[in-house]
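A, B, C and D label the chains in the order they appear, each numbered from 1.
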Amino acid sequence: MIKVEEEVVETLKQTFTEYVVEAKVQREKRVTVVVKRERLVEIARFLRDNLQFDHIASVSGVDYPEKNEFMVVYHVWSIPKKVLVALKTSVPRDNPHLSSLISVWEGVNYFERETWEMFGIIFDGHPNLSRFLLPEDWDRGFPFRKDFKLRTKPE
Amino acid sequence: MSIMRVRWGPQHPVSGQWAFWLDVDGDIVVNMEPDIGYTHRGIEKVAENRTYIQNVPVVERTSVFDAGNIVFGYVQAVEELMGIEIPERAKYIRTIVGEMSRIVSHLYGLGLLAIAVGFETMLMWFINDRELFLDLFEMLTGARITYSFFIPGGVLHDLPQGFYDEAMRRLDYFERRLKDYWKMFFLNRTFITRTRGVGVLKREDAIRLGVVGPNLRASGVEADVRKDEPYAAYDQIDFIIPTEKEGDAYARGGVRFHELEQSVSIIRQALKKIPDGKIRVKVPITPTPPKGEAYSRVETARGEIGYYIISDGSNRPYRVKISAPSFRNLLAMPFLSRNVPMADIPTIYLSLDLIPLDVDR
Amino acid sequence: MNIETIIESLVALFINRPFIEMLIKVLIFPGLMFPLLFVVFAVWFERKLLAKVHLRIGPLHVGPGPLGGIFQLIADALKLLQKEIIVPYNAHKILYNILPLAMPMISLAAMAFIPVAPFPSVGPVDYLVVFYTPYNILVVLALFAIHPFLVIGVGWASGSKYTTMGALRAAYQLLAYEVPVMLSAACVVMVTGSFDLIKIVESQANIWYILLLPIAFLVFFVSMMAELGRRPFDIPHAEQEIVYGWATEFTGVHYVCVMFAEYVNLCVASCLVTLLFLGGWLGPVLPPAAWFLIKFGIVVVFFLMGRGVYPRLRIDQLLNAGWRILIPLALIQIFIILVLAKFAPWILPVTFVGG
Amino acid sequence: MMRKVEEWKEGRCRLFHFEIGKIQDWKPVKDLLNWARAWSLWSVHLCTGCCSPELMAVACSRFDAERFGTLPFPTLRECDLLFILGVVSEKMAKRVKITYEQMPEPKYVIALGDCAISGGLWWDSHNVVQGVDKIIPVDVYVPGCPPRPEAWIQGIRLLQKKIMEGR
């Protein structure tokens, strides 16, 4: 039952030996892969072309201020294989640059735009990183970062 | 050749809570850009400041149109984090509520599709029959549309007395009505003229853009979370996934319509098969799941919703990412509305069944 | 010159048969009062009818008992008259204020040429008609044809994008329906051999034209629906697409005028259909005016029902329908008339010129 | 009179204030005008938040607000009732204000839902206006999340009462 998932993990480990930090089967139909951000685009393209991960499910940013890094998680579903892979990569908090995956999966377009707006992670190569969800004149920083505090008392 | 930039919303009869920028050449829309964020409440940020149980009504507001299925995903993710297995009876009740929620949402969506082509009567009929199921919800949960019925560990209440008979009676009536709808609405010549060949989304494009749910199935992809990784009681219930090949507005409406029929049959089966037993396992009032992460997928009415929850061992989630179906379908909207007549914009928008609440979160 | 002679001359001027007749014609039956009452009833009836189709109740609490909601239009109109008048910054101020007022006038002017029933009078004809001319069908259709140009005018003068789009759509729509209207009316005129609505009605004594010329009736009815902008063809103010089309910017008084003009147009169109195809006031037992009103009412219901049972067409589909279906159908009807005139002239009421 | 002409040139004026002058202060006329306003509350279609599914329910078959003359109308230039449907975000707040300003006088506002009244569930959110009455004046508040259709209709009735009493 777990066979497909393990196959994905093995293939990735063998193909990108140095760049895959960690790859494991989380549970049935869930695979987690942590990669280094330098080769993110190649790994993503490999996932799409060779392993049939074709359907983007979500892109989420996670803020770890104590580690001084952002984690960007791409969840990709494979329609033929019926497996979800979580492709994780970390970005330093001081210089949050990451190459955009829009050339691989076109569906990441708005997800990356949202992540840029909420976390300030700059996706190089993204065609249109402009205001999306927040008001046009927003100037209070990036709301989903952990150092953005919400009010604790009602007004 | 002059291009006029028109703003379409947020104060517009069908725009809902967002706006489009339309570049119009005469009556032809050459380019379209969504202008969203009008209902951005920061659910994901707010959810980091509440406990796991407090978050149930918060995530429900992602899309109150389909409240059952939206909470479903969140609750499942929390249960996965905590390693809880819920009782069988709770699974069946969840299935029933989820399918009723799907019916309610699809009726709303089909009503909006009808109003997009200017067919008020069908809107009224659909919304009228939506009340059938809202009454059932009221009987079961006490609220019409925002019931917060699922909690980590099970459901809040058991099926009330007389629910079985009442539900069966209403389902019988509803099935008769569905036949009328097919004749009145989907076989209406004018409706066919207005929706056939409008906003054609091909199979490859649909997958490339990451479109989900009925929109994906209308393009010929047989992808449904209920079959791909069955949750709740869906693995014990017999149903099919309706698909169409054309990928136009009519096909998208048709898929929704056939899903209504399937939902009715699922509710019937679930009501007949429902086992006795407990409806929830004991969960502390402020659950503290161990460190870890979970990604749960649930098929809502508008498509697959993904909850990515990271727990750091405290009683509040470290991060809740909601990958909402309308947000994923949104990318198809600018893609489809290039070089189409202005009159097709509402048809495309409402046939994709985009809900701004869901997009903005 | 004493006071008595003045009174006498005044009496002679006003209390005489032609003047009172004229007063009745102008103010009451075919004239002002009839369209006004018609509008009140039509709006109420439309809302109630639609509500019935929608499984609703409709306006209920203003008005007595079973006629609940009958005063809804009065409340609406009084409310609209109280509303602030906003002239948009971009608008052409003069045209924006004048053209909406011109609309109901032109619509009412068309009413003046429509004969509704025989009535022994001193005028040129013994019929209830405000102004008689033997070419009245031409005049009515011509007055109808002015309306779209006013629409284009106000759409442009409002200076908003949506109104401009609505106006352009009205202009497109004009292309689709104007020719079929004329052609199908021409069928009737050909068969009758006269442009006079009175003669047209009287030539239907044996057989109504709806039976003799069914295709022409269909074409005329459908293109009249397009001309009025009723539901399957309400493209110029498609509310789901362009808010309210050319009437988007109107407040209060302007909107009252526009709405009034639309319903008066509906009244004129229903009169035309009744006269041209349903035999006008002809009918047994009941008085002619009653027959006219009954038929008229039925036609109005059919016009109003469109909103309950049809989705809206797209502008290119309407143009297709106009040019590819309605015009050929009208031409086929003309051809059939010619064939009938050649081979079976006894069917036609009037000896045909070419026959 | 001159002031009115100036107003006309500016583009905003009211007919009943323009020519008829004092007649509207005469009690029967005043009552009639108030009656007309109360029974013909056309509503603007502006969805701000999550109460919009209940708007459908109110406008459609079962609850049918048209019984009370409340007709959802496509263009706001003839409307006099603005429903604030739930949460108002900061981006939407500007549009709500613009919409309110574009509506011609007399105009009324009903704030529906806890979020529109006080921020409700989103009291700590970074993008939500804490109560719509910070932006525009509100006539009637209807609590609930979302309010039941019956509560909406009660809100409409309250507003009618308020208008008929001339307040």
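One rule holds for everything that comes next: a residue touches a chain if its C-beta (ideal position, glycine included) is under 8 Å from a C-beta of that chain, and two chains touch if they have at least 3 such contacts.
Just so we're clear, the structure is a prediction, and the values are computed from it rather than from any experiment.
Participant: Among all other chains, pick the one whose mean CA position is farthest from the mean CA position of subunit C.
Facilitator: Farthest by centroid: A.
Participant: Mind checking the centre-to-centre distance between subunit A and subunit B? Centres are C-alpha means, answer in whole Å.
Facilitator: Chain centroid spacing, subunit A to subunit B, equals 25 Å.
Participant: Once you find the CA centre of subunit A and the CA centre of subunit D, what distance in Å lies between them?
Facilitator: Averaging C-alpha atoms per chain gives centres 45 Å apart.
Participant: Quick check: how many Å separate the C-alpha centres of subunit A and subunit C?
Facilitator: Going by mean C-alpha positions, subunit A sits 64 Å from subunit C.
Participant: Which residues belonging to subunit C are in contact with no fewer than two other chains?
Facilitator: Where subunit C meets two or more other chains at a single residue, that happens at 54-56, 239, 243.
Participant: Among the residues of subunit B, which are close enough to touch at least two other chains?
Facilitator: 12-13, 37, 40, 42, 45-46, 49, 124-125, 128, 360
Participant: Give the residues of subunit A that touch two or more other chains, as numbers and ranges in rising order.
Facilitator: Expected reply: 134-135, 143, 148, 150.
Participant: Can you name every chain pair that touches?
Facilitator: Result of the pairwise touch check is A-B, A-D, B-C, B-D, C-D.
Participant: Please output the residues of subunit D touching subunit B within their complex, sorted ascending.
Facilitator: Within the complex, subunit D contacts subunit B at residues 44-50, 52-54, 56-57, 60-62, 74, 76, 87, 89, 91-92, 95, 99, 121-122, 124-128, 145-146, 148.
Participant: What part of subunit A is in contact with subunit D in the complex they form?
Facilitator: 134-136, 140, 143, 148, 150-152, 154-155
Participant: How about subunit A: which of its residues touch subunit B in the complex?
Facilitator: Touch residues, subunit A against subunit B: 28-30, 54-58, 60, 62-63, 73, 75, 77, 79, 82, 84, 86, 105-111, 114, 131-135, 143-144, 148, 150.
Participant: Which residues of subunit B touch subunit C in the complex?
Facilitator: Subunit B residues touching subunit C: 4, 6, 12-14, 24, 26-27, 114-121, 124-125, 128, 188, 190-191, 193-194, 341-346.
Participant: Inside the complex, what are the residues of subunit B that reach subunit A?
Facilitator: These residues of subunit B touch subunit A: 36-37, 40, 42, 44-46, 49, 207-211, 221, 223, 228-229, 295, 297, 304, 306, 308, 310, 318-319, 321, 323, 327-328, 330-331, 360.
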